[in-house]
Structure formats: structure tokens, C-alpha cells
Amino acid sequence: MLTVDIDKTLGTFRLTAQFEAADRVTALFGQSGAGKTSLINMVGGLVAPDRGRIVLDGEVLFDAARRINVPVHRRRIGYVFQEGRLFPHLDVRRNLDYGRWMRGLAHDAQAHTHILAMLDIGDLMDRRPAQLSGGERQRVAIGRALLMQPRMLLLDEPLASLDAARKAEILPYLERLRDDAGMPMLYVSHDRAEVARIAQTILHIADGRIMPRPTADALFAVDA
Amino acid sequence: PAQAQNQTITVFAAASMKDALDAADKAYMQDHKDKVVVSYTASSALAKQIEQGAPADLFISADVQWMDYVAKAKLIDPGRRVNLLGNTLVMIAPDDSKLSNIKIDSSLDLAKLTSGGRIAVADTKAVPAGLYTKAAFEKLGLWSKAEPQLAQAENVRAALALVARAEAPIGVVYSTDAKAEPKVKIVGTFPANSHPAIIYPVAVTAKAKPATGAYYDFLRSDKAKAIFTQYGFAVLNSGS
Amino acid sequence: MFSLTPEEWMAIELSLRVAIVATLFALPLGLVVAYLLARKDFWGKALLDGLVHLPLVLPPVVTGYFLLLTFGRRGPVGHFLEQTFGIVFAFRWTGAALACGVMGFPLMVRPIRLAMESIDRKIEDAASTLGADPFWRFVTVTLPLSLPGIIAGTLLCFAKALGEFGATITFVSNIPGETQTISAAIYTLTQVPSGDAAALRLVIIATIISLIALMLSEFLARRATARFHGL
Amino acid sequence: MFSLTPEEWMAIELSLRVAIVATLFALPLGLVVAYLLARKDFWGKALLDGLVHLPLVLPPVVTGYFLLLTFGRRGPVGHFLEQTFGIVFAFRWTGAALACGVMGFPLMVRPIRLAMESIDRKIEDAASTLGADPFWRFVTVTLPLSLPGIIAGTLLCFAKALGEFGATITFVSNIPGETQTISAAIYTLTQVPSGDAAALRLVIIATIISLIALMLSEFLARRATARFHGL
Amino acid sequence: MLTVDIDKTLGTFRLTAQFEAADRVTALFGQSGAGKTSLINMVGGLVAPDRGRIVLDGEVLFDAARRINVPVHRRRIGYVFQEGRLFPHLDVRRNLDYGRWMRGLAHDAQAHTHILAMLDIGDLMDRRPAQLSGGERQRVAIGRALLMQPRMLLLDEPLASLDAARKAEILPYLERLRDDAGMPMLYVSHDRAEVARIAQTILHIADGRIMPRPTADALFAVDA
């Protein structure tokens, strides 16, 4: 379970979020500029809130009052960034293996093969990020986060630049991860169908605040 | 002292000595088993290095003040210090200059000689040749006129180059340097009494290897004298 | 003209040894200092920065005297090192390497620092989310992404080490076979009228060595950047 | 101790003038050369690269001597400039600036080149699609994005120009008020037994000037990078 | 009218495209890695084809045989990149004005106001790209391409990271551009609804080749 209660000011933008994500997958839904990326950056530890606390499964990740701020590399939270952020100097293989090396994990051949097939990136292993298409980069970024064996996943519009066929491969995989492995996720997406399919809870953010009741009405109003 | 086998004698010598000293060392090594290596640089640096414990056996300074500097620190053997070589100060001009046979005395019209150009000299505050030049101009009562026209080079060699390239119409250097540079000609010689004697003192250092003695003696021998003379130096003190 | 005399060979060999050793020892320190200056804020940062640049601003003779007074046999650091570890810089080629390293240091630090400052921090953040602690993140991301700067800095330091003589000659004198590098030999030759031809020979040799080093660094830099741009 | 003598003031003023003029004139040329080396492939590129680095590798005396041979009254370029434009370098502060500019040039070019090489070409492509011709693309995108490198290169060149005296003194000698910079004055003082105290004063002055220049450049660089990172 | 007949090899990927886009808006539709971005890069002039020719409204932009390759800056083709590519050193205002300056155009206050309102970026004018959210960046990139007054638009998944409300503002604007100003566009998208709405012709690319008949079947097969 993830408990978030934070405040953060970025320039003139003010983010205030207070929620408990009891269900496995929580979707963050809201207009461009509403504060979705800012919020998951704080859960991941890349940005420190000005105030408040973040607790994941009983472990305090951040607590301004008690001056706790678990460093990013110890949080074990996989992050699929909105803009890929692959390592430009490493080929796809090494990008995918990076998390395993850094965390000293054993090679899980089965999971590896499975994830590669699901993302259809098996042929790209020797290329560098600069030689990939936009969607290929995004898929490698998904694979990289999955292969580090995280205890939680942050997904920032992971399927935005992918075609329907790809989405149809990846979504079921995430569903299985949710159901079989019980992996908690914060899932940012603008696609109502996607969100409806994967998330049990939907948090609607508008202008830096969590809206009180994410009713179907609200959703439909947004996804006009 | 007894001649030891195959020692290396390390000489610290003023850079302007290079040609003559290299020739003398070559002659020395033909007759002796010992090897002579020379570290050439500015006398100032050499003196300070000796002060800091440099492994020098023999020091040849381009002037007396730096030799006095190490002597005061008791770093040389006072019994084996000698004013070995001398030099003369000359006025030079580019080889195609119209100037020639200038008598250097207090009536010299420097402004006419330079006609607006500069007089290339070695640094008059630091470099021995420059110090002698300054003393000479002062003695002759020409300093106040000369000073604003000076181009002070890092060393004699650089002053020589400025005249050789005709950047300066005249310059003041040692006769040894002037003779070695074909693109300049000597147009006048400073009277010996116009400046303190130009002296290259030599001394064996306090911690010198035994073999240095033979080398010190050689430098004052007739054989060495011939070589130094050939390079234009005046030998002030030879034999023993 | 180009059969080299034994002394010339000796000077070349010594110059290369001095320049290579100076550069190799300066590199790890240069990486650390560049990283500190690029990324950290700490008390005395401006001082460190100034200290690094000082050998560039002061006449080499001054740096040389300073080294002589500090690292000479009778200098505090030199004395300590000799007594404790038996390391002697004074009038040895190691001292020449020290002088060259100090003189080349500012030229090494700047490009590395520049490269580190231009790295997209977001890539480093990504490494952190994948479990890389600060040390491994530095080794696996920051260092390789600064490679062009590291190559440039290493080259400048090496070139400077080849060309240095002012500080060297003042610190460890100009002893053939021990501390007389090509540059010092050239300097000596320029001090006497008869030295021009011999000086020119050495100038040509120094030029050739530096051209080779340059071409090597270009080649490495090209490979390094080609990688990122995916060519 | 720190009321300065008129000569010291003169040397300071001259050093600043020489270093600033040298840096300002080197900058446009440095930008062009850095751009050529970073982006273009042409015949003789390796040669240009080598030539730029040469003043770093050779003893300053040699560079000074080359300048004398080339830009002196009897040198081909110097003769031409004097006949055609009446420009004379010999024994003028302009000659000191030329020498300092040449010595600082390699230090200026490298960081600029490094910065230009690290620019994301895709941003430049975007400028082209918006109608920017190569010249304007260079001015509006390449230059501002290389700003950290330009600042670093300018600083290194300026610092080197402050510290230079070997090439300067060989080329234009050491004329108080005309070509005697602080560095040359320090050098002179180190050559006389009694000069240490006076030399130290000047060393302190040079250090202060360079620290000010350094802090200024840090400030500018910080502003430049802060911009890109959106702080 | 746009006529394209080109071949291009990138690493092991081979792109062969031959088509005429007679209608105003042509959609490029196809899996991730199919070659969509590569194709529009060649129309924009950023990548030179190995062989073939590209002709826009009678003007030969590229002809390998005749060694014609009109430089990018003279093509007057607006390009909304898949990854934004804003100028990091310029604020939003200057990013938007860049094309106008470079092309020496007069300030069209009405169009300016209109586009800013449509993209809802009026409040961001003094920010730098690093201070924008992903979707905000994308919207500024769209504005930048529109404000240069191009004669054609290349749009590479321009709405991918935008919410439905934003899409609902932008799509009608593009429709009006198509109908009123007759602006030709090449429009890359994975969203069937979007494509169906804006494009008259749909080109289906698969594995570097244009599929013979972009039937509704093919579309449905892809967008499962």
C-alpha cells in the first residue's frame, strides 16, 4: 500500500496530493500540466516534496518532519519515463541489463526471453538508442524497468507512442504482473480504455490537486 | 685527490656558456674516464637549486652576484673558487646597417644611432649582460637618454635575435655572442673601464665528488684556455 | 638530417616518459577535481578552483620555484616524502613529471568539467532508479558520457607536459638523461647562437610527437562520439 | 605592503589590456576554427588542428622566435602589414597581445570545440525546418548552446594571456609601460637575488586578478547553464 | 500535391516508398519501427534518400539523379517532431517566434492569439522548455510549426501525449487549416479515431513498405 501526503511548489505551480493507493494499480488521470509527472517523480525519489510523507508498504520513503529521504537507488521502484531516458552510450542489451547489474541480480533467462518477446525488441539488442525509432525506444525503456525486478512500477504514459498491436501485447502482460505478482503500479495515461482496463483506482488530478471523487462522469467529461 | 673510476661530474652552468663549455667537456672526456654532464639554465635558477640541495659538483655562474649568493650559504668550497673567464661588451647592428666604427664614449649621440628605433639589450635589472650595459651607460652619462629607448630582452641571445632580425637598429651584447651570429656586425666596443669587469666565476661545490678536482684543474689548464679563447672569451685565470 | 644523436634519443625517451607519467597521474585526480567543481557545492570551492588555475596564470618560473621550495629535498613536503616513503622528486625525472603534471592540470580539469556539466542529469536519474548507487552511477554513466571531455583534457595535459620547461627547469634543473626533456633541450639550444639548427631538429621532433598524440586523440574522440550519435 | 608603485600599476594596467585585447581578438577566430574542427571535414583539417596546438607543445621561446621571424619587420607577414596597413607589432603592446593570443589560442579552441561537438544536432535540424539558414542557425542555436564552452575557453585563454611571458618577451622584449606585463616583471624579479619580496607582491596581484576573472566566468557559466536546465 | 518515390537504407532497415498524396491530408499509419518517421524526415529534408525523387506542388525538392536536394531551411515545411525538439536556451515566446524571425515574416497578431488560445499555452510564455510538462512541450512544438506559416505540415504523433480535452481543441483547428487554408499535411498517428477524422488518404506502412491498399480491414487488423 502506498500512502502519499505531500506539498510541492515548482515555479508558480503548486501540487498538493493526499491519497492512499490500497489497490494494486492506481491510474493517474488528468490534463496536460496537471502535475502527474511531478507526483510520480516524488514517489520515485527524483524530486523531494516541500512537506509531507510518502510510505510504501510500511517503509517510510520520505518524511520531511523526520528528515527521512530514502535515496533513489535504494527505493527499488521501476520508472518508465515519459521521454525514455535510455543510456545513449550503451546498446539495447546493456540498457536492459543495467538494473540487474546494479542490483546484483541473477540472470532470469525465462523472464528475459518473455519480456523481450512481449516487447518485440529481440532484434534490436546490438543497436544504440540513437538508432531506434521512437516507439522502439519506449519499449526498451519498459523492458529496462521490468527487468530490474522492482517492488513497484511508475509508468508515465508508457504506451503513448505505441501502435494498437503493441499495446495489445503489453497491456495483458501488465495485467498479469498486477494479478500474479501483485506488483503495485502508478499508471499515468490519457487513454480511457487503457486506464479502465488496468487500474482498479483512478485518481483524477486537476491543476495540482486530487479531485475528490473520480466518478465516471468526471472521466467522461475529461475524455470528451 | 685520487682519481676515482668513471664518475659522473654534474656541472651547473649558465646557459650562455653552452657552446664553449660543450667543446671543453668533449676535450676533457677524451682524456678522462669520468663523464661530464651539464645542466644549462639561468644562473639564478641554478643558484637556488644548489641552495635546495641539487647534486651539482661544479657551478659556473654568468656573474659574481649569484656565486656570492651560494658562497654566503656555504655551499661552495671557498678554496676552489676562481674568476675563470671574462668577456667584453660590444655594440652591434644588423649586417646591412650603415653604421660602423663607432667610438663609444660620453659624446655618443644615441638618438642619431637609433633614429627612433630601439636599443636591444639584455634585461638591465636581472641578466648579467644587461646589468653591465646599464653600468656602462651610467658611467658614460648616457643612461637617461638610453633608458627610454631600450628593448630589454630575456637574455643576451634574444637581444641578439632582435638585432639580427633588424627589429632594433642597434644592440648591446657580449662579443662572444656577436661573433657567433653572422647576421650582425660589431660596430663598437665598450671601454673596459666603463663597466665592472665581466666575470664568469667557477667554484667547486661543498659536496662535490672527488673527481671534480681534476675537472676544476682542467678548466684552468692551457688546453681549456685555448678552447675558451677560440669561442671569444677572455681567460682571466689559468694555470694554478 | 634525421639520424638522431644518442642525446636526442635520450631527451625524446625522457620527454615521453615524463609526459605520460604526468598525464596518467594527473588523470584520476583531474577526474575527481572536475567532478567536485562540476557537481558539488562546498566550502572552499572557489579556492580549489583558483588553485587549479594558478599554474596557468603565474609565470612557470614561479611555479617551479614554488615546487622547489615545497617538494625539494629541503622543502617541507619533499622532506616528509623522502623520510616517510623514500620518494624523491628533487632533480629526478619524477620531479619533471610532477612539474609537468602541475602545469598541465588546469588544462585537464576544464574540459572534463565542461563535459560533466553538459551531461543530461535526467540520464543519471534514470541510472539511480535502476539501483545504481552514486559511485556506480559515476562509473557507468557520468564517466562514459564525459569521455569526449576526458580525451580532450588528457590531450591538452599531455601536450602541455611535452612543451613544459619553465617550471621543470627551475624545479629539477636541466640535467641530460635525468631531467632534460626535449623542451628543455630546445630552450638550452636557443640560448646560444650556434644552436639554431639543432633546436630546429628538436622542434620538428616535438611537432611530430604531438601530431601523433593529436591524431590518436582525434581517433578516440571520434569513436567515443560516434557511439552516442549511433553511427 | 599593498600600496602599489607606479610601475606596478603600469604593469597591471598593461597586463589587463594585453590579456583582454588578446582574448577579444582570439575569440572570433577561435569560434570559427572550433566550428570547422567540430563540424567540417576538409583537406588539411589534421594540419589545422596540429597548428592550433603547436604553441602548447613548443617552448614559448620557440613560438616567440617564430613570431619574430613571421611578424617582425623583416618577416613576410610583418613586412606586408607594415607596408600595407602601417601595423607594427615590434616593441608594441600590440605585439605582446599577439603573442599572448597565439599562446592562449589552443586553450580557447578546445573547450569551444568540445561544447559544439556535444550539441544535439536534432535541435539544429529543428532550426533548419523553421527556416534558419546555416549562418543564422549558427548564431541563434549553435553559439548559445556552446556558451559554457565559450566561457571556459575564453577564461583559459585570458588566464594564459595573463601568465604568458616567454613568447612575449622573445617577440617584443620587455619595455616597461609598453610590453612589460606583470608576468614579465615577475620573471625579471626572480632573476635577481634580492627580488623575492617584490616578486611575491606581484604574484599576489596576479593571483587576485585571476581569481576575479575566474569568479566572473563561474558566474556567467552558472547563469548560462542554469538557463538550459530551467532553474 | 506530394509525389514521393524513394529508397533508403538505415543500418539493416530498408525503406521503399512510392506514393502520390493528392488529397490535402495523408495519414501515415503503421507499427512502431515501420518507417514513418524516416519517411517524413526525407520529405522534410533532414535525411537524404539513397535514390529517387520528392516533388511538392511541382517543385522538385529532391532528385538523386539530377543531384537536386533543396536545403531544409528553404523547404518551408513545418515539422512537429515526435520528441518536441524545442530550443532549450529560448523561452516559450522565443521558441514560438523563431520561425517568424528566421523567415522575416510580419507578426500576425490574430493568428498568434488564436493559436496560443487553441493550444492553451498563453501562460507559459516566459518559461524555458525544461520547466514544462511533457504535454506542454508538445503543444509548444505544434505552435512553433504552425506559426512559421509553412506551406506544408509534417506531424509526427503530435497529439500522442495529450489528453482528450486538448485533442478536442487541436483537431478541429487542424481540420480548419486543412479545409480553409488548404494546408497539405502528412500526419503520423496510431490513433484510429484521430486518423479517420483528419485524413482523406491513409497510407499503411509495414516494415519499410507502403501496403498496396489501405482498406478498412487492414486498419482494423492493426488497431485491434
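Every chain is named by a letter (A, B, C, D and E) in the order it is written, and numbering of its residues begins at 1.
Note that a residue touches a chain if its C-beta (ideal position, glycine included) is under 8 Å from a C-beta of that chain, and two chains touch if they have at least 3 such contacts.
Note that the structure is a prediction, hence the values are computed from the model and not measured.
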Touching both chain B and chain D (chains): C
Farthest chain (mean CA position) relative to chain C: E
Computed distance of Cα centres, chain D from chain C, in Å: 20
Length of the line joining the C-alpha centres of chain D and chain E, rounded to whole Å: 45
Inter-centroid spacing, chain E versus chain B (mean Cα positions, whole Å): 79
For chain B, residues that touch 2 or more chains besides their own: none
Sites on chain A at which at least two other chains make contact: 83, 127, 131
Residues of chain C engaged with two or more neighbouring chains: 61, 65, 184, 187, 190, 229
Chain-to-chain touches, reported pairwise for every pair that qualifies: A-C, A-E, B-C, B-D, C-D, D-E
Complex contacts: residues of chain E adjacent to chain A: 10-11, 30-33, 37-38, 82-83, 127, 131-136, 138-139, 156-157, 160-166, 168, 190, 192, 222-224
Residue ranges of chain B in contact with chain C within the complex: 10, 12, 15-16, 18-19, 37-41, 45-46, 48-49, 52-55, 155, 157, 160, 177, 180-181
In the complex, chain C residues that touch chain A: 122-123, 125-134, 136-137, 140-141, 144-145, 147, 227-230
Complex contacts: residues of chain D adjacent to chain C: 46, 49-50, 53-54, 56-62, 65, 106-107, 110-111, 113-115, 117-118, 121, 148-149, 152, 155-156, 159-160, 162-163, 165-166, 183-184, 186-187, 190, 199, 203, 206-207, 209-211, 214-215, 218, 221, 225, 229
Residues of chain A defined as touching chain C within the complex: 44-46, 71-73, 75-79, 81, 83, 85-89, 98-99, 102-103, 127-131, 144-145, 148
